[in-house]
Every structure is written in C-alpha cells, then in structure tokens.
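Sharing a structure with you now.
Chain naming follows the written order as A, B, C, D, E and F, and within any one chain the residues start at number 1.
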Amino acid sequence: MRIGIYAGSFDPITYGHEDLITRSLSFVDQLVVAVATNVSKQPMFTVEERIKFIRSAVADDPRIEVREFDGLLVDLARSVGATLSIRGLRAVADFEYEFQMALMNRHLNAEMETVFMMPRLDLTYVSSSLVREIARFHGETVDLVNPIVHRALRERFPAA
Amino acid sequence: MRIGIYAGSFDPITYGHEDLITRSLSFVDQLVVAVATNVSKQPMFTVEERIKFIRSAVADDPRIEVREFDGLLVDLARSVGATLSIRGLRAVADFEYEFQMALMNRHLNAEMETVFMMPRLDLTYVSSSLVREIARFHGETVDLVNPIVHRALRERFPAA
Amino acid sequence: MRIGIYAGSFDPITYGHEDLITRSLSFVDQLVVAVATNVSKQPMFTVEERIKFIRSAVADDPRIEVREFDGLLVDLARSVGATLSIRGLRAVADFEYEFQMALMNRHLNAEMETVFMMPRLDLTYVSSSLVREIARFHGETVDLVNPIVHRALRERFPAA
Amino acid sequence: MRIGIYAGSFDPITYGHEDLITRSLSFVDQLVVAVATNVSKQPMFTVEERIKFIRSAVADDPRIEVREFDGLLVDLARSVGATLSIRGLRAVADFEYEFQMALMNRHLNAEMETVFMMPRLDLTYVSSSLVREIARFHGETVDLVNPIVHRALRERFPAA
Amino acid sequence: MRIGIYAGSFDPITYGHEDLITRSLSFVDQLVVAVATNVSKQPMFTVEERIKFIRSAVADDPRIEVREFDGLLVDLARSVGATLSIRGLRAVADFEYEFQMALMNRHLNAEMETVFMMPRLDLTYVSSSLVREIARFHGETVDLVNPIVHRALRERFPAA
Amino acid sequence: MRIGIYAGSFDPITYGHEDLITRSLSFVDQLVVAVATNVSKQPMFTVEERIKFIRSAVADDPRIEVREFDGLLVDLARSVGATLSIRGLRAVADFEYEFQMALMNRHLNAEMETVFMMPRLDLTYVSSSLVREIARFHGETVDLVNPIVHRALRERFPAA
C-alpha cells in the first residue's frame, strides 16, 4: 500500500489544495493531509479550524487522514509509513523553493520521494494568502474556496 | 477617455516609479497613482508624506491624480473608472508575482486589463526598499530619488 | 491616435494570438498585425496563407490592418506611425527573451514603447509550434485555433 | 494496476534517465519507456540502438517495457493504458517547457496525469546532448552513462 | 595584492559557506569574511558566536580575516581595500537578488567588482535558515555544518 | 600567476564581450580568449576574422592571448594552465545553461573554477546574434560593437 503525504499550513484550504488532493489519489492508496502547527506567521485560523475545513472538504473519503503535525516532514513520513510527499507546482518561484526542500528532505530521509503535480490551470493563481487578503476587503471568494470556508471568511470579515 | 491606475506603496517614490508614470502617460489619458495605506510592514514614511513626495515629483500634470487607497485594486479601479492597471517589470521574480496578481485581478474584475512595462534600464535595480537601506547607512541616493525625497531621507538619517 | 503593432510569425494564428489582439484594442485605436516573412525556420504556411488566416479571424474590424514585414520591427513602427509594440507574456522564458528584445528595440527607437499583456489563462499553453505538432499527429486542434485554420491543418495532415 | 509512461529521445540513455526510471517504479506498477522516433534533429543513435541501450540498462525487470513511439504522447498513453506521465525536472527551463507540455497533454487527455520528479542531485547536470558533446571530443563519460553506452560512444568517436 | 570580501549573516556558518571561502582563496590573496550585525530578523546566534564559529571553521589561515560589519558593503570594501565581492549562486532566486545588489553596489562604488561562484553541488540545498529549522526539530545536521556549530545547535535545542 | 580563460564563439565580438575582458583583468594576471571553431551553426564570420576582430579590440595588451580552440574547454584550460573560466551572466536563462556547463566542467576537471561576472548594465541586452540580426536589416550597430566590427558588418550587408 502506497501512502502519500500532503503537508501545508492550509490557512485556509483552497480549491487549489482540494484539486491536488483529488489528483494525488490517482496514484496513492492513502493520503495523509498534514496541517503544520508551527507556521512562523500568526495564522488566520486555528489548527482546529483548518483541520475542520479540510475534513469537511474531503468529506468522508476513507483514503484520507487529516492531522496536525509539528516538526520535520521526514519524521512524520516515517511515523505514518508514507513514501511519497506530494507537492503542487504553480510557478518558477514555487519550483525553486520546493526543489531545495525536496533535496533537503531526500538528504534527511532517502526513503521518501517527492513528486510534483500541477493544479488545475484556473486554480494556479489561487493561494491561501491571496484568499485571506481578498476576504479581508470583502472581495468575492465563492469560487476560490469551498462553502464552509467561504462562510467562515464572511464571518471573520463581516461587511460593514 | 482611457484611465489607468498605478498602485503601490511608494515608500518612497523612486526615479523608477517616476519613469513608469511618464511612460504610461503615452497610452492613457489619465493616470491615478494609488498609494496603498494597508502595507503589511511598518512604512518608513506616512501615507501623507508619500503622497506629498509623489505630488511634488509629478508637479502639476493635470493628467495625474494621486490618492491613497485601502482595499482591493479592482474596487478602486471600478470607482475611478480605470480600465488599465500599469505594472513595472524588472525581473523574473517580479514577473511571477505580478502574473499571479494580474490573474486574480482579472478573475475579480474582467473589465480591468493589466499591462506591464519595463522601466529605463539603469533604473531596474532601484527599489524603495534598497533606497531605504542605502539611506539608513548614509549612502548616496541623489541619483535614485528626486530632490524632495532625497532631502527627506537625509533628515530621517542625519549623518553623525 | 494611438497605433499599436503586434508582430509575429503567426504560423498559424492561434486563439492565443486572437485574444491578445482583442485585449490590445482596449487601449490602442489602430492595430497593425505584422507577419514576419523572414522567419529562420521553414514555416508551415506561406506568408499569404498566414495573412489570410489572420484576416478571416479578425474579420472586417476597421481598426486592424494585417500586413507582412521583413526587417526590423522599429523600422516598421516608424513607417506606420506606431508608438506601442504589443507583446504577450506567458512564461518566464518568454519574459527574458521579450525583455532583451524590448531593450534593444528601445535602444534602436526610443519613441516606440513595448507593453506586455497576459493572454487568457486557458490559452497560456497554446503556441503555434505546439499546434503544428498536434496537427501533424492528427490530435484535436478545434479549440486551439479558429475554424479556417483548423480546416487548413486538417487538409495539410489528412488522417490516413 | 497503475501504468506509467516515461517518454523521451534517449539519445543516448544517461544515468540521469536510469535514476528516474528507478524512482518512478516506487509508485507505478508498470512503466513504459517510450523512445520517440520523430525527433526533429538528426539523432546520434538509431531508434534500435537507443532501445537496445535502454533494455540493457534496465536488464530484465519485468515491470518495464521499452518501445518506440511516433505521435502524440496522449495517444500512446491511451493505447497502453497508462494514466501517469513521468517527467524529470532539473532546472527552471525544464520546468517551463514541461509545464506547457503537461497542460497541453491534460487538455488533450484529461485521464493522463503528469507527475514530476527530481533526479539524483549529482545527475542534474547530465543530459544526452552534453554527453554527446563530451564524447565527441573524447572527454570522459564513464560516470555519466552505463557501460554499454560508454563503449558505443567510444566506438563512435575513436581517439586518434 | 587582491583582497576579496565575503559578506553575510552566517547564522550559523554552513559547509556551503566554508566551501565558498575555500574556492575564493584560489583567486584572492586575502579574504575578509564580514558578518552583518544589522540583520533585520532576530538572529539565532549573537554576532560574537557567529564570528567564533567562522574562526574555528577557517582555523588559523592567515589569509582570512573575520570581522563584523554594520553598514553598506561598499563602505566596508573601501575601508579594507577590497576590490572583489564574492557571492555564491545556488538558484535562480539567488541570482536575481544578487544581480540587483551587485548592480546597486557597482553604482555606489565602481571600484568594487562582484564575482559569483557555485558551491559544491551537494551543498546547493544547504542554507543557514534550513539548518536552523532542522536543528529546531532535532533533525540531523552533522553533515551540513562543522562540529563546533553542530554542538552549538544541539545545546540550543536539546532533545527532550 | 593566475590564468583565466574566456571562451565563446565571438561571432562577432561585442562591447559586452570587451567589457567582460576588461573586468576579468582585475583579478587574473593573464587571460586566454578562446574562440570556438566548432560552433554548431554556420558562423557569420570565419574564425580568422573573429580572432582578428578580438585582437584589434584588445589591441596590444600583453596580458591577453587570443586563440582558436576546438574541443572541450577543460582540455584547453589544462593545456594553457588556466584555473579560472570567466563567464558573463546577463539573464536567468544564461544562468541555468551556465550553471549546467560549470557543473559538468567541474566534474571533468576539478582544478578549473568557474566565476561569473555581470557585464555593464547597458550592455546586458547586447548579444552577437542580435547584432547580426540588426546588421542584416541595416539597423545601427555603432554603439554595440567596436569600429572594425562595425565596418565589417556594413560591408557584409551593404545598404541598397
């Protein structure tokens, strides 16, 4: 059984993340969605909220486990038996950072392989940080995030 | 009448920004220079100072309106009737960030088009953040920013 | 009156090119679509065919003039009175090449400004060379090029 | 059963290619190594030679099928039942070209997913074209390609 | 006598930095390793610790002087008589930032030339910030930094 | 004595090349300018002409030797005792290609180090191939190449 891991801060999960989750299920049997608690900047949503959003997005798919993690990705991979780290690539800047991380992770754990995938083209410009900024100024996010996240953003930034 | 918008934090305006303003006037009839108040990092100059610097740089050109803005660029564009967002491109890193923003803005407002321009070659390495850093250590900024900004930087960081 | 110029080999014109033409008409009054005859590689279509395809794509829009050109873009710009060169940007590789060309063109003719635009997102991966390759192997090009080009490609590469 | 496809011109196969083949076997059950016959430039080795080199490199691994192909990758994928296209990424330039190809392939066949992998770090600078150039001038290729290719290169370019 | 300068925050020095120091000694007679005290973010190690680590790494090589600096690189270069600034290049993102800095430095001091070098390939993914992050989670850093830094990281982040 | 090598096809030498030669003399004692004879594409000028142009550009500087070479750069470096290969970097695309070549050269000859330099900013867009194209269409090259090359281009492409 191939176990993949998809790690991030998911603050909040976007349709871009959901697309990657769906795509990765075409070649892993089980996927661990790992929500980083140690994000350097102050997150907009608590780790509990972020996990709740992901769970509601992926519904009750038995192949997906959502959990928090605090530490090195390679250590989590070892503890859950994952051999693949799934990463989305949208732009050159992504690529360089991801390349460096993947090389370092390979150095730290030669058993874990990193594979990169492209999100759906019309989601390439969607990122959690842009979603947060749009929501802050009451811009429309209905087609960028799923309904539960959309409602949470509306509540967080109620129109005057 | 074509109205363009050139948004940024302008902290402070550099000769690179002034060059873009001049160039864009060759294909818009009116240009709104929009000074972002909601910059995440603490700016060096207040929004009032930044606006004053821009106004003195563009003098009394009746085609240019300088104003602050707080919110989404697409909302400002709608409210002032602008159909073009002008962006400078200096490097690949700029390009990727600008591409993502332009795609998101097009998604939020299909009526606003983003056009990219190159600054004068010898201004490609000038940025507000570099100018601030040079001024902090009393380096020479006389050929990077206009005289009023130059004086303001000198006053802010008087030589011992 | 602002006259723009959009130059290329258009071998053949794709929906990506047509999108750029439409977008550029939002800020130029007249657009010269200039078909390069001196392409280094053997083109798939003659310059006459390429011009015919473009004319049928832009129909009878009086703001658009389609013509061949052989020489330097800056010389053509001078002779037709164009002050803007319109270029599409899809990727970093585009950006660097275009940047170099724009700098050289500015050096050769300071009166001509180059502005860059993004094509519609779902056309970013469409290029004439990819279209030719797909057609050569009877792949589907119906949503990449307009009907007259589509038929010409079918005739050029009839299915066995 | 997951079937992957790894296509290229392999002129000749390098240790970089072999590394990708090994890595991809960690998440596909079967791998089709597809040797393009329609390479635009004159290849150094015939398609028969190139296939022979690959077969000897992967020995008798029953999970690997080596075959030539002439046409669109998506058509080959359909005919062999492959749902994953495996691509190596070494540099930004690779990334952009691969991104465009992957988007076009997704457009032509939504069932085939493209996944990207990094070769072993010390093989990132190895490419078939560099190997050919080094061999042409009798440079050492013993640690860049496997022994059978190494001997073939020596025979092709005998030292004076 | 050619004097080079290699400036950075060295928080802490990695084997990547040490590799650059060694390489640069092949074409400068004297190298000033300049430790920036004015790093914007809170450093992990004090400037005294960072200098001590570098000194112990380069041992008693009489060609190397380690010192702190606070200000503009070009001013330091003038005061120590250095005519070359040595910079490592690992990735495209490095390149763009370094290019901008080098152009600005050339503008501020035409006598100082910037030369770029590549670190050893297997050190390209090593950076001080990654080392700090790995150490924080008790990952292995023994082959990324020299023994004295390794011990200091262990002491800073003792395993539970 | 430090010997550097600056290799290229120099078809023809531009002011960008000359700038690099001057800059590199600030840290090598002797510079071998190596003109590649085995350029894949048909050169515009013969190797004799290209060498003549370089010699007239660098005049009688005793520190510079101009010679042709046919083979691997690392072999030439060994035979002339050069330990540094000088390369100009203008853009990201340059960087990636140069990086790959430098890694391969380091692999083939660990004694030769590659150092990268930036040309003068206003020469970053000048390349031999652009110069040839401009000359072909009688564009002005007087500020891109030195007078002897300028005359040769004029003779090669006489105005009608």
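As a convention for this text, contacts are C-beta pairs under 8 Å (C-beta built on N, C-alpha and C of every residue); 3 or more make two chains touch, one makes a residue touch a chain.
If you're wondering where the values come from, they're calculated on a predicted model, not measured in any experiment.
Student: On the document's contact criterion, could you list the chains that touch subunit C and likewise touch subunit E?
Tutor: Touching subunit C and subunit E alike, sorted by label: A, B, D, F.
Student: Taking contact as defined at the start, I'd like the list of chains shared as neighbours by subunit A and subunit B.
Tutor: C, E
Student: Compared with subunit E, which chain's mean CA position is the farthest off?
Tutor: With centres defined by C-alpha atoms, farthest from subunit E sits C.
Student: Taking all residue numbers at the subunit C to subunit F contact, is the shared part over half or under half, that is, same or different?
Tutor: Under half shared, hence different.
Student: Determine, among B-F, E-F or C-F, the equivalent of interface A-B; equivalence here requires over half of the contact pairs to be the same by residue number.
Tutor: C-F
Student: Quick check for the class: compute each chain's Cα centroid; which one is farthest from the centroid of subunit D?
Tutor: B
Student: Quick check: how many Å separate the C-alpha centres of subunit A and subunit D?
Tutor: Going by mean C-alpha positions, subunit A sits 31 Å from subunit D.
Student: How many angstrom lie between the CA centroids of subunit D and subunit E, rounded to a whole number?
Tutor: Comparing mean C-alpha positions, subunit E is 39 Å from subunit D.
Student: Which residue numbers or ranges of subunit D touch two or more of the other chains?
Tutor: 92-93, 96, 99, 103, 121, 124-125
Student: Can you give me every chain pair that touches, using the contact definition above?
Tutor: A-B, A-C, A-D, A-E, B-C, B-E, B-F, C-D, C-F, D-E, D-F, E-F
Student: Provide the residue numbers of subunit E that touch subunit F in the complex, in ascending order.
Tutor: 2, 23, 26-28, 83-84, 89, 92, 95-96, 99, 102-103, 106, 113-118, 121
Student: Over in the complex, which subunit C residues touch subunit F? Could you list them?
Tutor: Subunit C residues touching subunit F: 71-72, 74-75, 92-93, 96-97, 99-100, 103-104, 107-108.
Student: What part of subunit C is in contact with subunit A in the complex they form?
Tutor: On the subunit C side, the touching residues are 92, 121-122, 124-125.
Student: Considering the complex alone, what residue numbers of subunit C touch subunit D?
Tutor: Within the complex, subunit C contacts subunit D at residues 91-93, 124-127, 130, 134, 137, 139-140, 143.
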